[in-house]
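The next part holds the structures, each set out as structure tokens.
You will see two complexes here that share subunit A, one where it goes with subunit B and one where it goes with subunit C.
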Partner chain A sequence: MSAADPSWGPREDLDVLDRDIPRVDGAVKATGRAVYTHDVRVPGMLWARLLLCPFPRATVESIDVAPAEALPGVAYAAALKEPGDEVRYSGEDGVLAVVAAETPEQAEDALAAIIADVERAEPVVSPEQAKADGAPIVNRRPGATSNVDRRNESGDEAAVEAAFAGAAAIVERTYEIPVQHHVCLETHGHVVEPIDEDGEVLVHASTQAVSGLPRALAGAFERGGRIRVVTPHMGGGFGSKFGPGREGAVCAQVAEATGRPVHLMLTRADEFAMAGNRSGSKQTLKLGASDDGGLVALRLDAERYGGVGGGALPRPPYIYRVEGEASVMSRIASVHTATDSSRAMRAPGHPQASFAMESAVDELAYELGMDPVDIRVRNLESPVHHRQLERAAEEIGWYDHPHHIEPGTPDETGRAVGIGFGVSVWSPGGRGSTCDVTVHPDGSVVSATATQDLGTGARTYVAAIVAEELGLTVDQVTPRIGDSSLPPSVASGGSVTTGSSAPAIKDAAHRAREALEERVSTVLEAPVGGYVWKGGRVMVRDDPDRSLAWIEVCALLREPLVARGQFQASLYEGNVHGAQAAKVEVDAMTGRVRVVKMVAVQDQGLPLNRLALRSQINGGMIQALSFGLLEQRSFDEQYGYLVSDNLDVYRIAGAQEMPEFVTIIDDEDQRPAVGGMAEAPVIPGHSAIANAIYNACGVRLTRMPFTPANVLEALYGKV
Partner chain B sequence: MRPFDHRTPTSIDEAIAALPAERSRTGAQVIAGGQDLLTVMKDRIDEPEALVDIGGLGLARIDEAKSGDLVIGATTTIQAIADSEVIAKRFPALREAARSVASPQIRSQGTLGGNLNQRPRCPYYRHPDVTCFKKGGNVCLAEFGFSKYAAIFGGGPSYFSHPSDMATALVAAGASVDVSGPEGDDTIPLDAYYVLPDAALDTETVLAPNQVVRSVVVPAPTAGERSTYLKFKERASYDFALAAVAVTVNLDGDTIVSARVVLGGVAPTPWPSLEAAAALVGRPMSPETWKAAGEAAVADAVPLDHNGYKVHLVKGVLYRALESLA
Partner chain C sequence: MSENEPPPPETPPISRRSFLRGAGQVAAAGGLLGSASGERPQAESDSSDGVETLSGAIEISLVVNGAPRKVEVEPRTTLLSALRVHLDPPLTGTKLVCDRGSCGACTVLLDGEPAYACLTLAVACRGKQITTVEGFGTPDAMSDVQEAFCSKDAMMCGFCTPGFVVATHAALERRPDADLEELRYELSGNLCRCGTYPHVFEAAQEVQRMRGKDGSGR
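Up next, the complex of A and B:
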């Protein structure tokens, strides 16, 4: 009976999508009424806190929780390590004990009352310590005899050296990127309600995987039960919130032991210590070009710093093409330290690869006397990149800028202005997701899918896609998300959320529309597929005077109409490109880098919500700017204290750091399909800033972040 | 947090009587705005048995004395100083210092007395699990560890850098503090108020545990004096000083006839740089002079592993401050 497959339709016919749609939950978020996991309060709820070992490596001698148990309001205290147990790394393995009390303050006091005696061992928090002769093995791989592993070598050295021999210009530098954090505004954690009389265990979770979390948590509940996860609002994840973590397992333990609801959200210090990070890296990149700027040889020797995890770094060449069959080689390895594992983070490995590659390409341009835009166009295959770079150059003011093929120098007052560039690619995923659209006889419509809104605006398109298909306004459709009892959807990682859930929502809306057209055909007498739904009415396509109002259509229903939608590959697009430019002011007296303007040009397929899309792109630029200018995890290397376990030392960008943002959706891209925009815009921003610093004053920053300390040392040397 | 009594004396004598003669982690302390003290307590650095709240003593005021001196009460908020028309007109460096402090919320709650008496920001000092010289221990972890924010002047045995913006500007202005204690009232010049770690480790000032700061007196500026406070933060939004300078100069034509330079954020106390001042006096107001003053300022700097950049930075910040007075 299906008259047509679902399609997004011609853009000029769209009434709701491809426009600026204010978030449907904007008001509740702006007024503080939105209930995040942190905000959940349940009668009888206990507040739990974790005791972390201050040292990355230690042997537990004793943990005495009795003094905590004796304090007022304390309902539960338990050691989570036994005497003789080892703490093997800073992070989840450092959780020594848990307490739960009637108030958070009582829980804090209980934590301080626990007497934990540990024997500190050599910390092994830096790659140098990990690689030193006789270093303790902190590599967690069974049987490991070295802290260096996951060696990945490719390419033929002799062939690559031969390719370099033919190059007109060669640049080689070592780039250092520290470990950085996700810094989710909402820390990790859960509120677990113990099993109820119907056998349900309700888990409020700050998670990127509502549908998958029940299974991931199942082992944590010894008494079983049907786990239901709810995440109506979520304060950011960026890749760090796929699993329940140690904190989820402990929360379940306390809820079962006490039979009471338990609120266990990590403190900010815990969050920095055990909730993951973006791996650091050290990359020595050698890059050669012919005299017309074509890249002809590349060699990368790199280390990934993912703590006890592996870290991430894509194999070269990154984005740019290098000519020739055997002109690229790389040697990449992971150096393990006794620190928290890296996790997925918004384009894992890509910002790291971007920094080295974009810096090297940029440096070659100046070596060859080429325009940095031209050398990029020369080595990028996609014409999409070419037009985006040119647009970014125009918007940032490149064509009016005085320094194109040679960098500037600080003026007589020590100030300099520069512009730099970087590009991105991403392949947003799309896979199985489901959605139910329910149309009620009274005209109300519910669009329901278990997906989560990490702050991206997902909830809004869950309604808007259905409104478009049925000729309604967004506020006529109620979106329901963030509940594992709803139709399953994907975990939000790799920019898959939109590409997976939007096609399923569209499919459900399309099926609902066809089911409605069947009912309507008994009145308006046109076949299914012969109608236009617009402005709250359904009209016969060939005779628009024959029409019904939405409320009249719904009155034809005797019971709610439910349509189940599935992911449709034809509605999804998995390939996006972007170009960014940054303009900076460098104060060579103080080392201050002020980013004054950033431009992003980004293709997307069909933009579902242009406002949310621009917000995503802005968010990517902001995060890259913050990485570029400020962010760095710091350990004390003598004892292993994490000194940056707070937002005082781990600085992130604030309002004063924000430049003017020009965010351009590349509308030459008319692909009739959708994909996610999480990763692409975070990839090149800091690279563009580094290149802008060079363009301003002729100093190449090879170490992130570009703090006054690092800029001054690059300018004048280390004192 | 350890439970504590909250006392609300109605007179300064009553406040003094409620304070201990001996300094200790658990002894009663004065609270005004609480913007530093509460964080010290949350980090379990001090656990006072009582907080003596001087908010009800009517100390907040900004007055001009007949002599032209400025009197600022101890519980005057930083925001009130930032907003004061008198201060904006006659003491621009104080206004700039006040405006540079923390965030609007903290400025509106935090007081001048609290700002002058705030404790170090060293991440080791603030770390609940660390015991260092400043907390009765026998080591300064910053000396051989994470020293990015540590002192390049006056360090040893402890290497924290003083966090107060107001202190740096007020030392440059020649201010003094009026204090009251069991022995009566006293006036202490602010440049003698702070003590280096080699003189005392359990405090940063000469104030006794049972003395209370009542007010700060700032002498009237001399005719034609130009002054400024320039704070350089690692993050422009809401941060402590990576380095700061308070500068006052008097010019005769284009020649500097007198100068005061005080550095902030680079030593365990506000750090008067007599060397920089000397390099300015008798010289023309010019980039060459500003650079020479910078070189003189850092000649005796002793950086640690991670804070050598502050040597460059002090020169740059001093240059920018002098440039703004030209």
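Up next, the complex of A and C:
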């Protein structure tokens, strides 16, 4: 019966999409009525807390929870390690005990009453400690005899050296990037309700994988039950909230043991200790170019620091092209420490690769006396990047900037101004996702899919796509998301959500429309596919005077019409490009860097919601700025205490660090398909800032973050 | 109320001694292990010599969003916990993020001045007007700041948003004509991870325009 395949249609015909759409849950968020997992209050609910071992490595001698059990209001206390058990690393393996009480204050008292006796072992929190002779093996790979796993070795050394021999300019530096954190403002956790009489276990979860979480949690429940996960709102994930984590398993255990609802959300300190991170790295990158700026040889020796995890780093030459076969070699190792595993974090590995590669390309430009924009254009294949770099250069003021091919110097007050660049690519995923669109005889419409809105605006397009297809306004469609009992969708990782959900929603709306057109054809007598849906009416395409109002169309239904939509590859776009520029002021007296302006130019396929898209791009730039200027995890290496366990020590960018932003959606891109915009804009911002610092005052920052101390050291050497 | 004015008489000052007694329960619990009785500590209140001493759980009255609310707290209970947990029904719009006065997610107004509810003791708020994000508007009747947060997309995940809404109201009270630099300063007590700052500034400026136009603000 299908008259046509679903399509996004010509942009000029769009009434809802490709415009600024205020998010549909704005009002509940702005008035404090949005209920996050943290905010769930169920009658009889207990407040649970975890006791974490402060030492990364230790042997448990004893854990006595009896004193906690004796305290007022304490309903449950249990040791989660036995005497003789080892704590093998800081993080999930350091969970020693759990308590649950009638109030959070009583739970805190109970935690303090537990007597845990542990024998501290050598901490192994830094790569140096992990690589030292005789270091304890903290590598969890079975049979490992070293904390260093060599993997991803590629390229022929002799061939690469030969390629370097023909280079006109060669640069080589070592770049250091600390471990960074996601810092979701809502910490990880769950509220687990006891199994009900229908055998359902309701789990409120702060998760980016609503559809997948029931299966991931199933093993945590000894008594079984049908798990239903709900996440109406969640306070940030950034790649750290896919699985239930140790905290989810323990929450399930306490709920089963007590038969009561249990609220177990990590404290901020727990969150920093056990909820993941972006792996650090140390990259020695050697890069050669011919005298016209073409890259001809590359060698990367890199270490990834992902704790007990492997860490992430894409292979070189990353975004750029290096001429010639066999002109690239890389050795990438994972150095394991006894610290929490890295997790996926917004473009895993890419900001790290970007920093080294963009810095080296930039340095070659200055070596060769080339414009940093020109050398990028020379070595990037996509014409999309070329136009985006030129647009970014124009918007940042590059063409009016006094120094292009050699850096500036501080003026008499110590102030220096510079501009730098970086680019990004990402391949947003798209795969199986489903959606049900239900049209009721009274004219109401529900669009339902089990996706989650991490703050991206997903809930808004779940309604808006249907409104566009049926000629309605956004508020005429009720979006239902964040519930695993709805039609399944994907976990939100790798910018996959929009590319997966939006085609399924579009497909469902399209099917609903065709089914409605069948009914309408009995009245208006045009065939299915012969109608235009606009402004709350359906009109015969060739005779718009023959029309019905929306409410009249729905009155033709005897019962609700349900259309199931599936992911359609034809509606999805899998490649995006971006260019960013940063303008900085460096104070050479204090080492302080102030970013004064950032520009992003980003393509995207069809922008579903331009307002939310600009928010996403801003967010990427701001996180990159924050990584660049402020963020680093720090451990006390002697005892292994996590020093950066709250936002006073682990600093993230605030209002005062904000520059002027110019956020440009690249509308020269007219691809009629959609993709996600989570990762791409977070990739190059800090690289652009580093390059701007060089352009300002001639020092190359090789260690993140660009704190006053690191800038002063780069300027004047170690004091 | 100016900073130098003494608190109203219905709010006896909390002595440092009594504050420490409440806060010390956590540390003391370890020392009381053998004798922990399982009994709820007796509520005590002694207001001789003009200084009120409190310990244990007591019922107090708080004026939240204009309405008196009874709530049972201990001396160590923060205003944030009183609002989010102990009020019945609770008010969960005010968010707990750092619990250490670093992020501003728990910003409320106390007698019109912004305060971090995580660093404020509930018992110290008796007699004060407490305004939370819920007190500024409802989804169907939002304040001008809340409206502007929606129209400018000054929120993403939304977890910092209640704190920013309250802080923006306070900032525009204090400095109705604040320029962008001043807005950045006024809002520097609040952190956002998604990166909504530019849109928060736009929302504040939109409110300034609207108030200037219809005269309701100044």
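We adopt the following convention: the second predicted complex is superposed on the first by the 718 of 719 C-alpha atoms of A that agree within 3 Å, B and C clash if a C-alpha of one lies under 4 Å from a C-alpha of the other, contacts with A are read in each partner's own complex, and residues count from 1 in each chain.
Methods note: a contact is a pair of C-beta atoms (placed from the backbone, for glycine too) under 8 Å apart; a residue touches a chain by one contact, two chains touch by 3 or more.
What you are looking at is a predicted structure, and each value in this text was computed from that prediction instead of being measured.
Chemist: Thinking of the overlay built on chain A, is A:589 touched by subunit B (first), by subunit C (second), by both, or by neither?
Modeler: first
Chemist: Examine A:656 and indicate which partner it touches, taking first as subunit B and second as subunit C; both and neither are also allowed.
Modeler: In the superposed model, A:656 contacts both subunit B and subunit C.
Chemist: Tell me which partner A:634 touches in the superposition: subunit B (first), subunit C (second), both or neither.
Modeler: A:634: touches subunit B, not subunit C.
Chemist: Touching A:648 in the superposition: subunit B (first), subunit C (second), both, neither?
Modeler: It touches subunit B and subunit C both.
Chemist: Kindly classify A:135 by the partners it touches after superposition: subunit B alone (first), subunit C alone (second), both, or neither?
Modeler: It touches nothing on subunit B or subunit C.
Chemist: Return the chain, subunit B or subunit C, that is in touch with more residues of subunit A.
Modeler: Looking at subunit B versus subunit C, the one contacting more residues of subunit A is C.
Chemist: Touching A:718 in the superposition: subunit B (first), subunit C (second), both, neither?
Modeler: In the superposition, A:718 touches subunit B alone.
Chemist: If you stack the two complexes on chain A, which partner ends up touching A:105: first (subunit B), second (subunit C), both, or neither?
Modeler: In the superposition, A:105 touches subunit B and subunit C alike.
Chemist: Is A:708 in contact with subunit B, with subunit C, with both, or with neither (first, second, both, neither)?
Modeler: The answer is first: A:708 touches subunit B but not subunit C.
Chemist: Pick out the shared contact residues on subunit A: the ones touching subunit B in one complex and subunit C in the other.
Modeler: Correct list for subunit A: 105, 108-109, 112, 646, 648, 654-656.
Chemist: Which subunit A residues qualify as touching subunit C in the complex?
Modeler: Within the complex, subunit A touches subunit C at residues 20, 22-23, 25-36, 38-39, 41, 47, 67, 70-73, 103-105, 108-110, 112-113, 115, 182-186, 233-236, 238, 267-268, 454-457, 611-612, 614-616, 618-623, 646-648, 652, 654-656, 658, 661, 663.
Chemist: Applying the document's contact rule, which stretches of subunit B touch subunit A when the two form their complex?
Modeler: Listed in rising order, the residues are 1-2, 44, 121, 123-124, 126-127, 129-130, 141, 144-146, 148-149, 232, 234-239, 242, 287, 301, 303, 306-309, 311-313, 315-317, 319-320, 323.
Chemist: Inside the complex, what are the residues of subunit C that reach subunit A?
Modeler: 25-27, 29-30, 33, 36-41, 74, 76-77, 81, 84-86, 89-100, 102-103, 105, 132-134, 136-140, 142, 146-147, 149-151, 153, 155-162, 165, 183-185, 187-188, 190-201
Chemist: Mind pulling up the subunit A residues that touch subunit B in the complex?
Modeler: Checking each residue of subunit A against subunit B gives 54, 105, 108-109, 112, 412-414, 587-592, 594, 630, 634-639, 641, 643-644, 646, 648-649, 651, 653-657, 707-710, 712-713, 715-716, 718-719.
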